[in-house]
Structures are given as structure tokens and as C-alpha cells.
Amino acid sequence: MPKDGIGASTKRREDIRFLTGKGRYTDDINLNGQLYVHFLRADVAHATLNAVDTASAQDMQGVVRIFTAKDFEAVGGLPCGWQVTDKHGNPMQEPKHPIMAEGKIRHVGEIIAAVVADSLEEARDAAEAIVVDYDELPAVIDMKAACADGAPKVHDDLTSNLCYDWGFVEENKAAVDEAFEKAAHVTTLELVNNRLVANPMEPRVAVGDYAPHDDSSTLYTTSQNPHVIRLLMGAFVLGIPEHKLRVVAPDVGGGFGTKIFHYAEEAFCTFAAKQIKRPVKWTSSRSEAFMSDAHGRDHVSKIQIALDADNNFTALRTDTYANMGAYLSTFAPSVPTWLHGVLMAGNYRTPLIYVNVKAVFTNTVPVDAYRGAGRPEATYQLERCIDKCARELGVDPAELRRQNFITPDQFPYATPVAVEYDTGNYHATLDKALELADVTGFDARAAESKKNGKLRGLGIANYIEACGIAPSNLVGQLGARAGLYESATVRVNATGGIVVMTGSHSHGQGHETTFPQVIADMIGIDASQVEIVHGDTANTPMGMGTYGSRSLAVGGSAMVRAAEKVINKAKKIAAHLMEASEGDIELKDGQFTVSGTDKSVAWGDVTLAAYVPHNYPLDQIEPGLEETAFYDPANFTYPSGTYICEVEVDEGTGKVEVLNFTAADDFGNVVNPMIVEGQVHGGVGQGIGQAMLENCAYDADGQLLSASYMDYAMPRASDLPMITVDHSCQTPCTHNPLGVKGCGEAGAIGSPPALVNAVLDALNRNGHAVDHIDMPLSPSRVWTAMNQ
Amino acid sequence: MKVTMTVNGKSMSGDAEGRTLLSTFLREELGLTGTHIGCDTSQCGACTVHVNGKQVKSCTMFAAEADGAEVATIEGQANADGSLNVIQQAFQDHHGLQCGFCTPGMVMAAASLLEQNPKPTEADIRHHLEGNICRCTGYHNIVKAILAASGQEVPAVAAE
Amino acid sequence: MYNFEFVKPSSVEEAIAALKEEDAQPLSGGQTLIPTMKQRLNQPSKLVSLLGIAELNGVSAEGSTVTIGGATPHAVVAADASAYPALAALASNIGDPAVRNRGTIGGSLANNDPAACYPAAALASGATIVTNSREIAADDYFQGMFTTALDEGEIITGVKFPVPEAANYQKFEQPASRFALTGVFVAKYADGVRVAVTGASNDGVFRWTEAEEALSGNFSADAISGLTVDASDMISDLHGTAEYRANLVKVLTGRAVAAC
């Protein structure tokens, strides 16, 4: 095996440029003749927009052009990529999502006008001179209120604020209800999965450029999936064919889901650059990001578990209200349904499950996928409810879980919510986590805490997720308006070096390091001979990008398939060079050998022959050595694990301190352990953030209360502990060539219930009978719960 | 107005308005785009640089205020031969960065910490990073990297 | 932000003269002013930097008084105010290291943010705010959130702190901004105890006189156990209810006394 092959904690090559200030992020791009746009955004949540008067602003210094909704009459709305069918078989209600507010303002932050000027400050000056004539309307913020009869409508042309009412599996509903009637015990829990803002540290940026000489447009943008942006913006919004539109996502400073979606600002900069024939740049401020980046989560749920007299789960049902915000963001409808409902079985054998989801329009920023997307919401409900159930029954929460686990011999396991888990071993990760967290020593630690006046608690959560989205055939049936394959081109150069062009996109995941490890392993050459190209539609094959922990499972698999094609062709060439039969050629350590002989040729000799085909069977093999593959997965992958959180609560202030956090994950095979562990650390950091700090809150009028880092609590170094991670429990994925499952979202999925369970454990152990506290578990909320 | 400062050891001049922030001046006037802007309320620390040896947020200081000052940015941190300095190397060795956006600020903050406190505890490091937000790493490997850069033992908390 | 003229005088006199221009404002560390200007919530015609005035920077101790120049950054107070350890400790925990290298005591007191730390120290210490034209007792200086006794064009040149026998500041951080969600400064002097609270009240920093009376008779955390804090005057927001802040006032006061 080469030293930097599969399984090595190879240091990241991309770090060199990031550590020396040489990264090239979108905001670092400045084009000749570039103009700047400032968006005038709504400061009310709901209003009739009567007129936008730009006359006096137009004449101000530096102003090149001001755009309003009228300029976009011939332009399409931002498309939604997923159509959900409701429980009656009807399509969801799907309002137009305009580039700029048309006739009505529907959320704080919606674009009303755009000023393009020589400088950003001049654009801002002019924006202040625009006169907006509007009549404020009552805002709809609370989802249940939005569903009440007579509620003000976010979209006047829809029948109500209900986007869809989804039942899954509708045919099972009667059987589920019957199981509840027969249950020996039923646990019910109502909870909120708090609205979050993804907050990648790099705010969004878009630079549009236009070349009149060939009528082509280029967009530089902070995207996780440049091809998806090209497809959506080109085909649905601006009407630009792919060959005239290039989308570049260079170094991107974190995504976490919120940079998947196609945004109005991207379309605007591309459109305006063509209109003005000069480059147009937009750089989001953080304040703007809070009111224009798609938000995440925001579910209000009621979950019930039915058990028989032996504490076996017999049925599960949930009712969820899912906030869509004012418009449907790119993948919004899929999150509470196909990324949430189908995961409600969790790690358990529960035979009957019914999930109801009502997706609701409100006068808030659109909500879409954020790290985990749907799966954290499912896991949180399930793992919180099981914990409550264990307390009600007086049984050990770990053992109640273990008793109901799908057992290792049951895989592949078809759940009652339509998915088939290929592999897993939930007992193994539970045991590993219990061991690493030293659960047997907890009582002694709790006693020590008590001496210091602190309440100590321990919380457990298991998770299962569906990653590596997704089989195109399947998601097509479920309403996806796109395929979800991935692509790769493996280009071998004459002297043996390799460039891989992948449709996956790295915005922190380290593909430039890990993808070469795979190729190095397959061919037996040094990873330094492999370079990765990504993020530019001009030089990578059509790909679907990076989200849903899919890069290695889907993009990596595409690369493996392309590399296999390359190797097969190289073997033919080698066979010719060594005058042997192709079937006898073996490739190992960068050498082609004829099995059973001492004949060999080096990798570089074969690649050279491919490009200098002098002694070459041109009648049988084409010159060159470059192959492309598209990989469409056969199933999702199902990473799983057990997380254990240990906390101390300060009784006087309600402040929670996370003392220990243990994550035992099953990601299948692991290519680069160092990077996998880093992904878990980051995910856990965000999960702890959700559980005790982060809260995107609106007031009743639709004003965003947490509109900057002054009020939106980002986890700081002092909020988090060192995190113990383990990925030694490995049940490799059975249907992709690498046996990998995906690790990007696990941390954010499993950690919130572990933390909340730990806090409630601390309280209940110490005389505070508290059933539930909604996230974030701020000091004020915890103290209030203890003192009710 | 014309503003002149010594940036990473070299005298550099450029035009600035009163309102030109030091971060804007570095990025747009001097082309030093390693200094990043991650917020507008002076909290994320991606813009951290040193002015006269002190760690500051370059987005919360006017360029004019740095007229005549010694400024150090991420671009000047590597060793003279271009290799990574001790802190940068520790960040790479311990995977203390993912997307890289907060990284310049983290490295500058770490340099400032280690100058004042060459053997910081884990708690010292976490306290010192109060004004530097990272969204990718959960800080775990940043803390490890800074401990390692200080020549101290790095706690084994991962199954590695 | 809106543009302005930047000037950096080297003496107090020059600064006062420059501030006579309409809409001219002093600029100290700028750690609050600059973010406010980015939001276009402030439109000075001229910013007069006070950081070039050497006499405004530094910490000195004489007898039982510590005097801090108005433009002294928090980091310098943290390092140099060893004669008043509770004050140095407070300074070492304001914002973050970068903020502490720029932000100044004069800037903080002039702004009088209801969640800032220094107002609690100044009020609990019975400090004297020294300006270019007069001296103002802390009890007269703070006049409600973001409101002080300073006149237009008047700048803080220094703050005189009488050093107490014992003192402690307990800061409970608002989790986002890291300002004080509530902070309590307790200072014990020969003639009595003073307790000042920041972050909690709609009226800005205030003295908790009931606690002062109780603690002046019996300086122990037990002395305040029977007291209650009226929640009706407390701030209620995303980060804490009024009742919660009222609880924090009491809990933190007890902890400050215990730590003295």
C-alpha cells in the first residue's frame, strides 16, 4: 500500500494555501471594470408593495443602474427542486419565488431593489434615496396560527398557508392507531426543533461577468454545487444554455447546506452583468446573511411511542409542523418528508410507524437543508422520547434502546418507512460509547460534582441517517426534479501523473487530499502524483455537488469507476507492451506484471505509450488515457452511532457546561481517519450549538431578533469540550465500491438529543422533576425549568 | 488621504478615505486577501492582524489609525524560506482547519497568545480564542494545534 | 458607512477644539462605534481620535487611588492595575483579546452600554469620572442606558478609583455578544459596601442598595439570602427573562461576596 493510500491520516495539501493567506475565495476575485451591487431589503415582514420610486436615487453619484422587480418580468422565478405529493395525492402548493418582491413583501430581508454603482458605499448611499411605498399587513409567524382558519395568507394566490399535508405511510395509519389503543404504555412528547442559521464563516458572494464577443456569462459564487446552480439558473431563471454559462465555485469557506441552494443574488449578478456589460459583484455582510441565507430546522413536533408490557416498541407516530418560510427554497419540501419521515424508525425494530408533516408558509426567511437536514429532527424526537419513556418506566435508557435495536443479523433491514438499511451494528457502537465514556464511573463523578454544588448528568442518543443521496430512480419517484448521481473524469497524463475532475465540491472536507489517496491506493502510486480539480463547470463533468454526506460515497465511487476504466485500458496497453494476454495482467505498486512471470512494465511506461503510440495496437485501442464515469448509487448509505454527553448544571444560574462528549460512529470504511474525526468534531460542535446556544428567533411582527452575532450565539472555543471520537465499529456499505457511508453530518445529528438528555438527567437526579426543555438550553431556560 | 504602514516588514502606501477600514485597505488597496471578513459586528475574528505587535480586528479599526504602524498579516507568517512557521505547521499537523476561512485569524490570534503565554493551558487557549469563531472544527483540533505549537503534549482524546 | 474626516490630535486641547465642529465625535478604541457606523446608525462629520494623546493613556496608583487615563485600553488596565486587582480582573475579561487591545475605559464609560462591565466597576467603586472640564462622581454620571452626564464635546480624560478593602466582579455572559447578561461588582470600603449591577436593568447600571445595607452590616453571602430583587425593572429578552435576571443579580452578588 502506498503510504498515503486508503486508511492513512494524510495531512491536507490544501492547508498550505489556507495557512499562508493564499486561498482564493469568491470575495478575493475582482474583475476589471467591476461594479458593486447593494440590495435594498425589506425591513417589514409582510406588506403590500405599491411602488418603488428610484428617480432621485438614479441620479446620485456613482450609480450605474437601479433594478426593481419590473426589470425581471421576462425572467423566471427561483425554481424549487423537489415536489412533494400530499396525503391525498395532490401536489404541494408551490408559489412563485421571484428574484425581487413582486407586489408583496413576504419576509424581512426580501429584496426590493438593487443599486449597481461604481462603489459599494455609493450603492448604499443611493439605496437610502429609494422611496418604497407599502402598506404593512399582519405577519404570519407562528406555524399553528398560520394554519388557523382566517389566518392572513402569505401568498394570496394559494388556498391557504399550508404547502402540503403529508402522511407516511398513509396506508399504515389505521394499524398504527390500533397499536396505540392496545399499548401497555404510551409516551408522548411535544418539542421544538429550533430554527438555526448555518453561518459558514464565509458569507455568500456572487460575481457576475459577461463576454459580449461570444454572448457567454460567468458566475463566480460561493456554492457547494456549481453545476446545480448552472442548471437551475440557466434553464429556469435566465434562459441561458449550459454552453454559454460557466459557474465557478472556487475556495468556499464552509457551506453546511446553506450554500446548496440557488439564490436570487446569484441570478441577479449574472443578469445585471449582461445588461450592463460590466462585472457585478455582491458580497454579503453577516447582517445580510442572517436575513437572506436559507435557515435550517424549525419543526414543531408531537411524538408518541407505544410499548407492550415487555417494553418492546410496538408503534410510533409523529405530527410535525415544518416551517417553509415565505418561499420554497431549492430543496425545502424534501427536508421534512424524504429526509425526515423515512428516518423515523431510527435504530429500532418498531414495526408500525406513521408520520404526518404539515409544511407551512410564514413571513420568515425560507428554510431549507442545514447539516443533517431532516435527520436531526427525526433523531431528536425519537431519542428524546425514548429517554422520557425510560424515565416513565424506571428503566435504564441505554438498555431500553438496546432491547429495541435492530439486531446485526437482521440486515439488510427494511423499515416500515420505506428504506432498507444495508448494514449496521448498533450494539457495537452503543457498547463502544459506554466504554469510552466510562459510564460505570459516572456515579462517582456525580457525587464529586454534588460536593462542588453542581448537578451532573449523562445523556445517551443513538442515530441513524441516510446519506449519499441518492438513487436517481427512487428520488425521481419521490418528487425530486433532478438526478442525484455524481461524475468524475480521470485524466492520466503522458508521464503518469493524474488529474481527477470531480463533480463533488470541497468547502472544507479535504477532497484534494482524500480523493488522491483512493487513486494512489488503486494504482499503487504516490498520492502526490494525483491532483483534484473541482468547482468549475468549464473543466469538470456535470456533477451534482456536495451535500448529504455524499462526496466520497457517490463522488468517490464515480472516481473509482472512472479509474477502473482507466486501469482496464492501461492493462490492455500493458498486455500489448509485454506481448501477453490481457487477462494475465496485474497492477500492483505501480507496476504491471504478467502473472506467473517476471515480466513487468511501470505505470509511467504504459501511460507514455498511450500518448506516444508508436508501438501500439491502434487498430484495437484508442490512444490516450482518460475516462469519465457517472455513478448513480443503488441505495442510500446508513451511518449510525451512539453519542454520550456528560454535563454539569449550575443550579444557581442554570448554566450548562459540557464536560465530556463521546462519539462512537460506524461510517463503514474510512479513507482518512484524521479528516473523518475532524468532521465529527465539527458536527458535534454545531449540534452542541443547537442544543444550548443557537436560536434564530422572530418576534410576532416578523422582525428577526437574532440578526447578528450580538444575539445569535455561535459556539466559541470556551463552550466546547475536547471530543472523544471513535470509528472502529465498521460495517462497510454493501453497495458502493469503497464500502464508505459518509461522515459529514453525523455529529450534528446525534449530539443535540445526547446533550438535552444529559441536562434532564442532571435535573431529575437532583430533585427537579422536569420532563422537557426546548432547545437551546440557555441558562435562563434551564433555570426557569428548575424553578417553576 | 495617503496612508503608509509597514506591512510584514515592507513599507506600503495606499489611498484611504476616513471610513476605510484597515481590513478593506489590506484586502483591496494592498491586495492582501488572506485577511478575511466574516461579520460586521466585530465578533468573528477572521480579520485578526497584529498592529504594533498587538492582536486587533482589522475590521474594527480605520486604516488611518494604522498610519505609520507596523502591521503583520497572515501573508507574512511563514518562515523566510517559505516553509510554514511553527504555528502554521501545527495547524496542518493537527488538522486545525477545514474550510480555511477563519484560519488566518486563528493563526494570528494563536501567535499573539503564545507570545504572551508560551505554555498556555487548554483553558487559556479557549479563553484567548473568545473572539475567533470557527464553524468547521468544533475547535478541538485548533486547541490541539496551539498546544502542539507551544511544545506541550497534546491530549489523546480521539481513538487515533 | 458614511464618510467622515479623520483627525488624530496629540493634545486634549486640540481634541476639544476639533470636537467643536458640528457632528464631530470623539473616537477612542472604536469597538462599539465602528460597528454602529457600519450599520449606518451614526453619521459623524469628523472623528477625533483620542489615541494619539499620550497623557490619556496609562494607569497610575497613588495612595489609595488608582487613576486610569481615559484612552487606556482594557489590556493595559488588566496588566497594570495591579493595585486594584478586581478592576484588573474585570478588564481582563471584557470582550476578547483583540477588543481589549483597542477598546478603552473612557470609550466604555462614555457609551454606557447597559451591559458593559466598566460602569459596574465605576459605580460600585464610587469612582470619579474626570473630563477635560470637570470631575463627576459616578453616582451622578450614569443617567440611564446610553445616557451620561457628559456634555457635547466633553471627553473623559481619566477615571479615579478609590481602592476598596476587598472587591470582586462576577460577570455572567450573554452567550452571543459575551457582554454581561448580568454582572455584579461588589466593593467593600471602610465606610460601607457598594454593589453595582450591569446588564440587568432597563435603566442601565444601578446600585442594589438593599444588598449594600445588608452587606455593610454583615459582609457575607448569607446577609443577602433573605433579600429579593424586583423583576419588574429588569430586562427581558431572547437571552433571559426578567425573573431570571433578578435571580442572577442575587446569585452573582452572593458569589462576588464569597469571592472577596
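Remarks
When the chains are written out, they are named A, B and C in that same order, and each has its own residue count from 1.
To be clear about the criterion, contacts are C-beta pairs under 8 Å (C-beta built on N, C-alpha and C of every residue); 3 or more make two chains touch, one makes a residue touch a chain.
This is a predicted model, so every value here is computed, not measured.
Distances between chain centres, each the mean of the C-alpha atoms, put C farthest from chain A. Between the interfaces A-C and A-B, more contacting C-beta pairs are found at A-B.
For the pair chain A and chain B, the distance between mean C-alpha positions equals 29 Å. Centres computed as Cα averages put chain A at a distance of 43 Å from chain C.
Within chain A, the positions touching two or more other chains are listed as 121, 285, 287, 709-710, 714, 716. Residues of chain C in contact with two or more other chains: 1, 3, 38-39, 177-178.
The set of chain B residues touching two or more other chains comprises 19, 40-41, 43, 130, 132. Here chain A touches chain B in the complex through residues 9, 11-12, 14-25, 27-28, 30, 121, 199-203, 251-254, 256, 283, 285-287, 436, 507-510, 673-675, 677-678, 681-686, 688, 708-710, 714-718, 720, 722-728, 747, going by the rule given at the top.
By the touch criterion given at the top, residues 1, 17-19, 21, 40-43, 45, 48, 54-57, 59-62, 64-65, 109, 112-113, 128, 130-132 of chain B touch chain C in their complex.
Across the interface of their complex, chain C is touched by residues 121, 124, 128, 285, 287, 652-655, 693, 695, 697, 705-706, 709-714, 716, 719, 778-780, 783-784, 787 of chain A.
Chain C meets chain B in the complex at residues 1-6, 8, 30-31, 34-35, 37-39, 47, 49, 51, 75, 95-99, 101-102, 177-178.
Those residues of chain B whose C-beta lies close enough to touch chain A in the complex are 19, 27-28, 32-41, 43-44, 46, 73-75, 77-78, 84, 88, 91-93, 95, 97-104, 107, 122, 125-127, 129-130, 132-143, 155, 157-160.
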